[in-house]
Structure formats: C-alpha cells, structure tokens
Amino acid sequence: MAVIEASGVCLTFQTADGPVHALKDVDLSVAPGEFVSFIGPSGCGKTTFLRSIAALETPTGGTLRVNGKDPDAARRARAYGYVFQAPGLYPWRTISGNISLPLEIMGFSKLERAERIARVMDLVELSGFGAKFPWQLSGGMQQRASIARALAFDADILLMDEPFGALDEIVRDRLNEALLTLWRKTGKTIGFVTHSIPEAVYLSTKIVVMSPRPGRITRIIDSPLPPDRPLEIRETPEFIALAHEVREGLREGHGDA
Amino acid sequence: MAVIEASGVCLTFQTADGPVHALKDVDLSVAPGEFVSFIGPSGCGKTTFLRSIAALETPTGGTLRVNGKDPDAARRARAYGYVFQAPGLYPWRTISGNISLPLEIMGFSKLERAERIARVMDLVELSGFGAKFPWQLSGGMQQRASIARALAFDADILLMDEPFGALDEIVRDRLNEALLTLWRKTGKTIGFVTHSIPEAVYLSTKIVVMSPRPGRITRIIDSPLPPDRPLEIRETPEFIALAHEVREGLREGHGDA
Amino acid sequence: MSALPIIGVWLGGWAVNIWLSRFDTRASRTLVAVIFGATIIALWEMIVRIYAIPTVILPAPSQIAASFAANGSILWTDFVQTILKGALTGWLIGAGAAILTAIAIDRSPFLQRGLLPIGNFVAALPIVGIAPILVMWFGFDWQSKAAVVVVMVFFPILVNMVAGLRATDAMQRDLMASWAAPYGASLWKLRLPAAMPFLFNGLTITTTLALIGAIVAEFFGSPTRGMGFRISTAVGRLDLPLVWAEIVVAALAGTLFYGLVAALEKKVTFWHPSQRR
Amino acid sequence: MRRADLVPILTVLLVIVAVWYLGAIRMNATWERDQAARAGTEVTWSQLIPLTLTQDRPVLPAPHQVAVGLWEGVAGQAITSRRSLVWHAWVTLSATLAGFAIGTAAGILLAVGIVHSRSMDQSVMPWAVASQTVPILAIAPMVIVVMASAGVTGLLPKAIIAAWLSFFPVLVGMVKGLRTPDAMQMDLMRSWSAGRPQVLARLRLPSSLPYLFASLKVAIAAALVGTIVAELPSGATAGLGARLLSGSYYGQTVQIWSALFMAAILAGLLVALIGLIERRVLARMGLAA
Amino acid sequence: GDLTLQLKWVTQAQFAGYYVALEQGFYEEEGVNLTILPGGPDIAPTQVLAGGGADVIVEWMPAALAAREKGLPLVNIAQPFKASGMMLTCLAETGITDPASDFAGKTLGVWFAGNEYPFLSWMNTLGLSTEGGEEGVTVLKQGFNVDPLLQKQAACISTMTYNEYWQVIDAGLTEDDLITFKYEDQGVATLEDGLYVLEGTLEDPEKVTDLVGFVRASMRGWQYAAENPEEAAEIVMENDETGAQTIEHQTRMMTEIAKLLEGSDGTLIEADYQRTVDILLAGGSDPVIEAAPEGAWVSTITDRAFD
C-alpha cells in the first residue's frame, strides 16, 4: 500500500487579488521507505503540497490519503515529523529541552524522553550540546537539532521543507550524508523539498519536478543510483546525466523568473 | 596599476570574549576589470574583507589601497557600488524610488535619474515594477532591484556579498548570465562573495579561497575559462576539474563544521 | 430574581457577537464593538433602575444623555478650554520640542548616553505631581495646563524618537556610507523615515496622557470653565449627570484624538510590517 | 547602565542642577525684590543670591533645600512616624503593588481571551482603548466616594484606580506577545497535534515574556501615578499623594518637591526591580539580550 | 452604636472638637463608637452621605441647602459654629477699599466644589456679574493654597480667618500689606460647619439616641478644645496622617476657631438660619436656592442633648 497517495489534488488560495492556484491536478504515489525530492521554481507549490500532506493545508479538490487515512487523521495519529527551512527552535529551551517538547506534548514518560533525546542527539552528532541554548550553536548545529526533534518521536513519515537552504556547502554535504545514513538505517518515508539540483539527485530515489502557475508536476524521475552513495558519486557520469535531466525538466516549466 | 592592493591586511575585532581575528595577513592584488570571487566557510572573513575594501571597516594592520588611494578616500570619491546579501531596500520608497536614492544623493538631475533608472531596471528585467513597493515583490525581484540600485550610478568597482544566496537555482542561473554579460560589456572590477562552488567557478577570473580562525587566504586560483561562458560550460571537464580544485581548497581549511 | 433580565441581556449580546465575529469584515468588526458597547450601556441602565441606585452615586445612561443634550454650550466651552487649548496646544508644543531635541542630540552620542537614561527615568515619573507647581508658575488659564501637558508628553516622545533615529539597520546605514551621503541626506532620506513608526508609537501613547494631564491640572486652579473644573464643581453640586456628560465628552474626544493620530500613523508608516496585512 | 555611560549621565545631571540653581535664583528673586520694595529698601545681587536660596516658601526650592527635605523625611524620622517619607512611600507602595497586581492579572486574562476568541478580540479591544481616554484621574475622587458607599475603603479604591491605568499596557503588550509565535512555530505545534492549553503554556506564554516585562515596566509606573492621584483628593490621609497635596495646601514647596522626588525614587526602584527580575528570568530562559 | 463622621476638610484644628472628644473618651462615655473620616479638596461630604459612606457630615449650610433642593434630604441637627470665618483677603496695593465699587474688573480667587455659594450670594447682593469683563469680576478656581495672592495672579483670594489668612502672614506679608473683608462684616455671613444627617436617619430611634450622645459629646469636646487650645492642637497633630501640620499653626487656628464658637451651645439659632436662607434666596437671576426650604433643620437632637 502506498504511504502517500494523491490523485487530482487541487488547492486554490482565495486572496485579495483573486484566486491563486497553488496546486492543480497533482497525482503522486509514494511507496513506504521512498526518499522523494520536490524541486521547482519559487512559488510552484512545493511547500503547499508538503503542507497538504501534513494536514497543515486542506486541498480544495481531489483526494489525498496518508497511510490509507485522510491527512488530518494521520496528523492526529502523529504520523509526521516536519522540518522547516529555518530551525525554528524555541530560544527559551535548551537543545534537549527543544527535542523534549514534542515528547512532552505526546505524553512520553520522563525516562523514555531522556532515552530518546540521547539517541537522536547521538544520531545527529550533537551529544554533549544538550544543555546549550540554540543561539549558542552555529546555524548548522541548530538545523541538526531541529531534525533531531522531528526524529525523536519516531513518526513514520519525515517531511522536510528546504532544511539545508541556509547552510554553507561543506556543512550541507555532511548533513546530506548523515541524512542518507539515517534513512537507510530507519527505512522512513521522506519527503524533501530543495532548490538544489545536485542535492535532489544525490539524496532521492524519486525526483518530482514541479512548475508554477498553476502549480503542477511536470516530471517524475526515478533514480537509478544505488542506495549507498559516497559524496564522490556526484562526479560520475550517471549523476551528471541525471542532474542534466532534472535541469531540463526545470527549464521546461520555467516560463519566466 | 592594481585596482585593489592588499598587503598584510589584518583586522581584529575587540569583543567582550576577547579579540576575534577576522583577517590575518591578507595579500591580494586585483587588476582592473577582474571578476574576483571569495569563497570559504562561514566566519572566515569574506564579508569583513569586502567591507574593508569599501571602507565600511578599518583594518587594524597592513596596507590596503583602492585605485591607489586609501579606501575611505575612494569611498568619498564614490568608487563603489555595494550589494548586500539581503536586498536592504527602503520600504517607504517604491522600487524606482530606491534606485533613485543614491542618484539623488550624488546630485544627478531629474532627467538623468529617470533615464538611468529605466536603463538599469531593464538590465535586471524589472521594467514595469517601478511603482511597486519592495514588499509587494518576491525576494528574487527585490534582490535584483538592489543590484540595479548599485549599478545605477556607474561606480568602477562593484562589491557583491552573496547577492544570490536567497534565490532559486534557475533564477540564479539567469542572473549569473546577466551579471557576466554586464561585466563583459562594462569592464567593471567585481568582488563577489559566494558559498556556491559552481557559481564561483562559473563567474570568476580569479577565485580566492579563504579559511577561518584566523581568517586568511589559503588559495588563489586563476580561472582558465574563456570570458564567454554559456551555462553548459558547467558540464565540461575543465569546469568540473576547477570545481574540484576549489572543493579541495575548501576542505583543507575546513577543520570542523 | 431581578438579576435574570440582566444576565439575559448579557448573554444575548454575547451570543450575537460570537455569531457576528465569524464574518470578520470591516463592517462586522465595527458592529461587534458597537454591540458590545450597547450591551454594557443597557446593562448599566438596567442595574441602576432595578437596584434603584441613587443618582448621586451613579446616574443612569438615560440621565447622562439628557444632561448632555441640555448642557451643550457648557460642554462645548469646557471642550474648547481643556482639550483644544490645554491638551492639544500642549501636545503639539511638547511633540515638536521632543522631535527637535531628538534630532539635535542624535548627532551627539555623548548627549544620547547622558540624556536617554534620564529621559527614560523621567518618562516613568508621576509627572502629574508637578501640576501644582506649574499652575503656580504659569498662572490659572490654559497656559499652565498646556505646560503640564508639554512636560508629560515630552519625554515619552523624545525617548521614542531617539530610539527611532537609531533604528535604521546597519545595512541601510552602510549603504548610505558607501554612497558617501552627507549628514543631511542620510537624516532626511533614511533616519527620519525610519524613525516614523517609533515616533508614532510615542505620539499615540501620549494622546491619552495629554487629556489626563490637562484635566488633572485644572484641579490645582483654573478659570471658571474647563472639564476638570466642571467635574469637581458639579460633584460639589451633586449634578452627577453633568459630571458623566463631561466624562463622555472626554472619552469621545480622547478616542477621536487617538483615532486621528492612529490614522495619520497608518498613512505615514504605510510601509511598516505592522500596518500591512 | 554601563560604566561608560556614567560620565555623560553625570555631566547631564550636573547641567540640570546648574540650570536649576539659576532658575531658583531667578524665580525666587521677584519675591525678595517685592519684600524689599515693601520695606522701602534695595537689594543687591550679592545679597539676593543667598536670600533666594534659603527662602522658607520658595517658588522653586534650590536643589540642596530639596535634598535636605528629602534627607530629613527619610533619615530624620522614625520610619513609623507620620512625618517620615519612608512611611508615606510605604503607604503609596502598598496600594501601587495591589493595583499593579490586579491590573496585570486583568490584562493577562483579557489578552489570553482576546487571543483565543475572535469575538472578544473585536469587542473588547476598541473599548479598552476608549477606557483609557476616560479621565479616571479626574473622577478619582468620585470613584473613592462611590466605593466608600459600597463599603470599600482604605487601600482598595486607590488600588482600583491604579489597576485601571496599569491594565492597558499589559493588555496591549500581552496581546502582541501572545501573538508573536510565528506561523512556523504554530505549525510545528499542530504537526504534533498539541491542544490549545498546551500551545498556550508551552509556546505562547514563554514567547510573550519579553513583551510582558516591557509592559510591566510601563504598567508599574502607571500604577504609581494612579495611586498618587487617588491620594490627592483625600488630603488628610497618608501617602505620597497626600504629602504632595498638603505641601501644596500649606505652600510648603520644599515638601512638595521632596514628595515628588520620593515618588521619582520609588518609580525608579520599581522599574529597576522589574528590570532585575526580567534579566533573571530571561537569562534562565536563555533569552537575555 | 457605631457612627461615622465625614469631615469637610483635612484634619486640622477646624475640627478639633471632634478629635478632642474622641481622644478624651467623651464618645465612649455616651456609648458612641465614632469613626472620623477626614475630607479633602475634592471630597463632597454630601455625596459621601448620599452614598451611605457616613452617618453625619460637617458641612456649610449653603451647600447643604443646595443639595436639599437637588433632592437629597439633608437635615441640620446641630450648629457648633456661631459665626462665619470666611473672608476675602486682598493686596492693599490693588487699591481696593470698598467691595461695592472696587471689585469690578478685578480677579478674585474662589473655592469651588460646593464652597462657592457664599461668594456667589455676596456677588449677587453686590450686583456684580461673575462672568468677567469691566463690569463684573473674573473668578478663578482657587487651588489648594494662597499662592495666587502671593504670585499676584488674583487681587483677592478667599481665606478663612483661622487658616489661609495666617498662611499669607506666614509667607511674609504683613497685615499692612493686606486688606480683608469678612463676610460677617459685609452682612452676607452664612452658617458654616454644621452637623447634617439624612432625614431617614432620624426615623431610626436607635440612631437618634446615638446622635444625641454624639452631639452632646462633641459639644463637650468643643468646650474643652476652646479652653485648652494647645492641648487640642496636640491632639489634632496626633490624628493628622500626613504629618504636614505644624503645632504653631494649629494652636493659632484653634484660638481663632474658638472665636467662631462663641455664643453657640450647639443649638441652631433660628434667626441665624433665617438670615442664611435670606442671603441665599437673594440675588436676582441666579439665586443659590430657589425657594425657602422646609424642614431643613430639627432641634429635637440638641433639645434632648442639652436637657
């Protein structure tokens, strides 16, 4: 059974300047354990689609099922971990306090909280920084903390909206590697929005290219790359060819800037 | 004669936690009409160096000459156009009002202002948006407006601090092309800070790789690429080799993330 | 038992408002506020009547309205004396002086560092306390009321304006520097516009302060007109409906004054995020 | 206040004191000249200056006279004495604190309601603004009398007037503060399917604290003003306001100014105290600036 | 039983009788548990009474009768003060010598909040408008002190023989610098500082008994105060919560008050009442009261008290 199943999903925002068609007739099926990247020019509806999956927006047409339920039921069943572009940590809580927050809300016991916090902090290589406040950490560390927070409660589906947009290339490479490892180890289903073609190609099993006005899917590219991907894979011809294909797909839908 | 001539430039910030060595023994010579990119991990002093050139910071050691004068004299002679990472438009002025501002300050006549505004708006593909206020435009458009503003008064030296950091890849490609064209046409000297290796390689005649703690130059790579560069050049072996060299240079100086 | 209709009216008004608030248009928002006010007035009238509260303690809204209608010319004279002459003049002078002072000290970090903490301190003081002194210095007529208002509004506006002049972000200042802009240009084209949201913060806060200052100062001596004078005299004569009519005038004038400044703010600082939506 | 600011602050204070002395000489000179004229004599400047600075009922007392008045009021009396400024300050302080507590509680509760109920937002806010334009200070005497008729006397009527003035800044600040969490933070809460009370306790309240403290500083100053004005009409009861009034009644300008400075010091201390608590709390929360 | 007394003004020797009686235990002897509420510039005792905040008030008769006409049924139950202490004090340098001819065009300071009636009656009898101009007088709402005279903001200000007048003197002016017009001398004196209750109170026999005891004790207090001005001033000082009074001023005030008490045993003299009413009724277009009041005083309390 598909984890995410969209057919004919439409979403129109009513604004003061008239309706904005953020999504139109979007069809997509994501199998368990897939790593799906969404790429496309600004305003093409990537965020809107991710938010619809997480029941943070409600589509105005079509059907969208998550784990066979409607998205809001899935949300209430705490099926999602969501990572935004900015770390969005609470400045008045320490790093472990931040990771602990969703666990507190979901009613985990104190003991279990401590255990889970330790595990995810280790996973994102932040052990030892638990007592620090967010602003005492670099941007990259903050972003890792926010990923740890989304991982802590072990949702099946991880949705990440440009999580590495603000980081410099070297740090980004490292986090990309870490994310791949995590995905291989846990077998989670991941939805990932990015602006970077190499990043999309490097990470995904499936690349969804979108185009704006109205927001729709123009290409779905399945990646032939193996799950094990050293950073150097980016200089292989397969990689470059795939990147080229994605770039082509992007150009098509890119009428204007 | 070199446009920018730095020898042994040091800059130390006195902070509450003790001195921060933002720049140490920086030597660099930039000839007229060169396109110099600065690349390096966060905090390595790229911004600080660019600001020192523009006389927005004062080095604490070494000598720095611009057009043979000291930077402050060059500033007063209006030698610089400066583009910051964020657009920094004045929200109470329209787009053309913003572009007009430096022209008003420098005492251009009304007629000439109008003429120049039209020209640079056309250059950055913003014609027709002159009467809009900054917040009515997308981030990319705002950034282009801020570039137009720096171009309007035709300074010899253009200093750009991660001007395209916030833009999506396609728009970024376009602006990169436009910037190259402009540079070829006008023969300006350009100093350009970026985090993106492909961008640095694509644009520059000279790539300056920096490393932090203390901020210093670790490599200066002169580009063998021809001035005429179609976007496809990025898939050529020379390009990839150059990118590889830059990445190596970056890794060297990159102790931690 | 007699409380039943009161509770009924309250619940009724509340229910209508909950229903109305869902529309969230401009008209419905106004209507909600009006209904809220009308409910309170209706409750007031009912409470006064049902519990037979003596007029000398709390007059009913209907009595206040009657007194308002009957004393139009008195209310107008008092309005002119206290609000137009005392509060408005004082507010204009105080605001003008504060703005000019702020610009004057803006260039001197020394003065800023010396004056601002003191200004902040003075802005928190119970300035009305100096009303008797200023009445002693400036005489009985509106001039002393205006003086009280000047002193009351000066520091809050000064502090806000100075903060505003410094509120330009570093990038905007650096841009000016990179264009080698002279002082006048950067004041006129950058710092004054950037200071407007702060300035208006000070201006709106002080509208109500100005009214309070002008009215209270009349307690320390006044000619035989003015809202503070009338209120204390009418209390002495047990003419409570007139007292409340004056209060209504004060509240109306205050709300209007506040509204005007807020509207001006909207016009001048249209570009500020808090004004957009 | 940083060390480096001390020199400019002292300089400005020095200038103020100098101007004050000059003003005192000028304003008090009229009286000395009139007295001389009545006695048919002339006064020279050198006689005038010491005379103007030592009057019993100066129009403007000289700084040292106020300082002496303040010192005698504070240190020259047993603090339980009716003549002790400390005692009067305490009377005023207790009503101020009570009013401040009531006002703050009301402001916070209203703000929570407004943030959660749209109909409350639309109906309460405009009237809260209007409430502040009611010249409460002018009707303070009436409020006191009316409350007395309902059997409420002593500290509470003053506290209510103080509360009336102090709830507004808290309300405005808290509404703003409770609404500061950005869409992303709210969305995070939603993606964890947190309930309203959880969002309030774990997101809205903590993020509103900086706003709360900023408003509390304004509110405590407003509460002090309210208490002092509420003390004015009942001239014979205790408190700094009563001191101010009786000073005025008997033309004791030194007493007025001493009471005024005592009030100023009280205001300064209260604001500083809140600032201290603010720094402590925010530091513990990692929000210190 | 319990009684609450609302004074007209701040704690000072003007009310010494009540404080002395309280301190000497006279009220206790009568079985009255008295609470004294000091007044202030903006406290209208009539309003406090109407609101139920007090059982008895000290008030001037013009204000009491005006309130009665407004529908608040005030009744005078005793009148400790025989004579009026009101006067206008003018600077001699203004050249005012005769009220009838010299006030026109001048600025005069007047107390409001219910204290303006005697002045308005006087101006009515003089035929002077209080709206300013050449023909009338300009009226200032006089604040809390005598500054308007010292600052020459007014030609004359209202003073009491026992209080403000001496503040002017204390400020450094001499009697020669001043010229005073007592209301008594001008024939416009109205009764001051009487004791008033609401009609309803008199219908309650228990309260009436308390009031009888209260009036008897109060008059003992007044007598004691008049005979021992220094001790009375001391007692006043002890009861002053502001701590602003000086013993010299209070002693002098007590001496002056004693003069106003002379000739009264606390019983209202009908002729004085009639004179006050006539003055208030007089004066052309805008009299203080429109009609002669009925039942505005009773002698039952004083009769029982001084039997």
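Things to note:
For reference, chains read A, B, C, D and E in written order, and residue numbers begin at 1 within each chain.
In this section, a contact is a pair of C-beta atoms (placed from the backbone, for glycine too) under 8 Å apart; a residue touches a chain by one contact, two chains touch by 3 or more.
The chain list, named the UniProt way, goes like this: A, B = ABC transporter ATP-binding protein; C, D = ABC transporter permease.
Fair warning: this is a prediction, and the values are worked out from it, not measured in the lab.
Among the remaining chains, those touching subunit B as well as subunit E are C.
Between subunit A and subunit D (ABC transporter permease), the least number of touching-chain steps is 1.
Taking each chain's centre as the mean of its CA atoms, E is the chain most distant from subunit B. Sorting all chain pairs by how many C-beta pairs they have in contact places C-D at the top. Least-squares overlay of CA atoms from subunit A onto subunit B yields a rotation of 175° to the nearest 5.
Our note on geometry: subunit B versus subunit D (ABC transporter permease), Cα centroid distance of 52 Å, whole angstroms.
Computed centre separation for the pair subunit B/subunit C (ABC transporter permease) is 49 angstrom, with centres defined by C-alpha atoms. Taking each chain's centre as the average of its CA atoms, subunit A and subunit B sit 32 Å apart. Multi-chain contact residues of subunit E (touching two or more other chains) are listed as 41-42, 44, 47, 50-51, 143-144, 147, 151.
Across the assembly, subunit A contributes no residue that touches 2 or more other chains. Residues of subunit C (ABC transporter permease) found to touch two or more other chains are 57, 132, 136, 219-220, 232, 235.
Pairs of chains meeting the touch criterion are A-B, A-D, B-C, C-D, C-E, D-E. Contact residues of subunit D (ABC transporter permease) toward subunit A in the complex are 184-185, 187-194, 198, 202-203, 206-207, 209, 285-287.
For subunit C (ABC transporter permease) in complex with subunit B, the touching residues are 169, 171-172, 174-182, 185, 189-190, 193, 196, 269-273, 276. Only residues 7, 9-11, 37-44, 47-48, 50-53, 143-147, 150-151, 167, 170-172, 174, 177, 240-245, 249 of subunit E touch subunit D (ABC transporter permease) when the two sit together in their complex. The part of subunit B that touches subunit A in the complex is made up of residues 41-42, 125, 138-140, 167-171, 174, 195-197, 235, 240, 244, 250-251, 254, 257. Interface of subunit C (ABC transporter permease) with subunit D (ABC transporter permease) (complex): residues 14, 17-18, 20-22, 24, 28-29, 32-33, 35-37, 40, 57-58, 110-115, 117-118, 121, 123-130, 132-133, 136-137, 208, 211-212, 215-216, 219-220, 227-228, 231-232, 235, 243, 247, 250-251, 253-255, 257-258.
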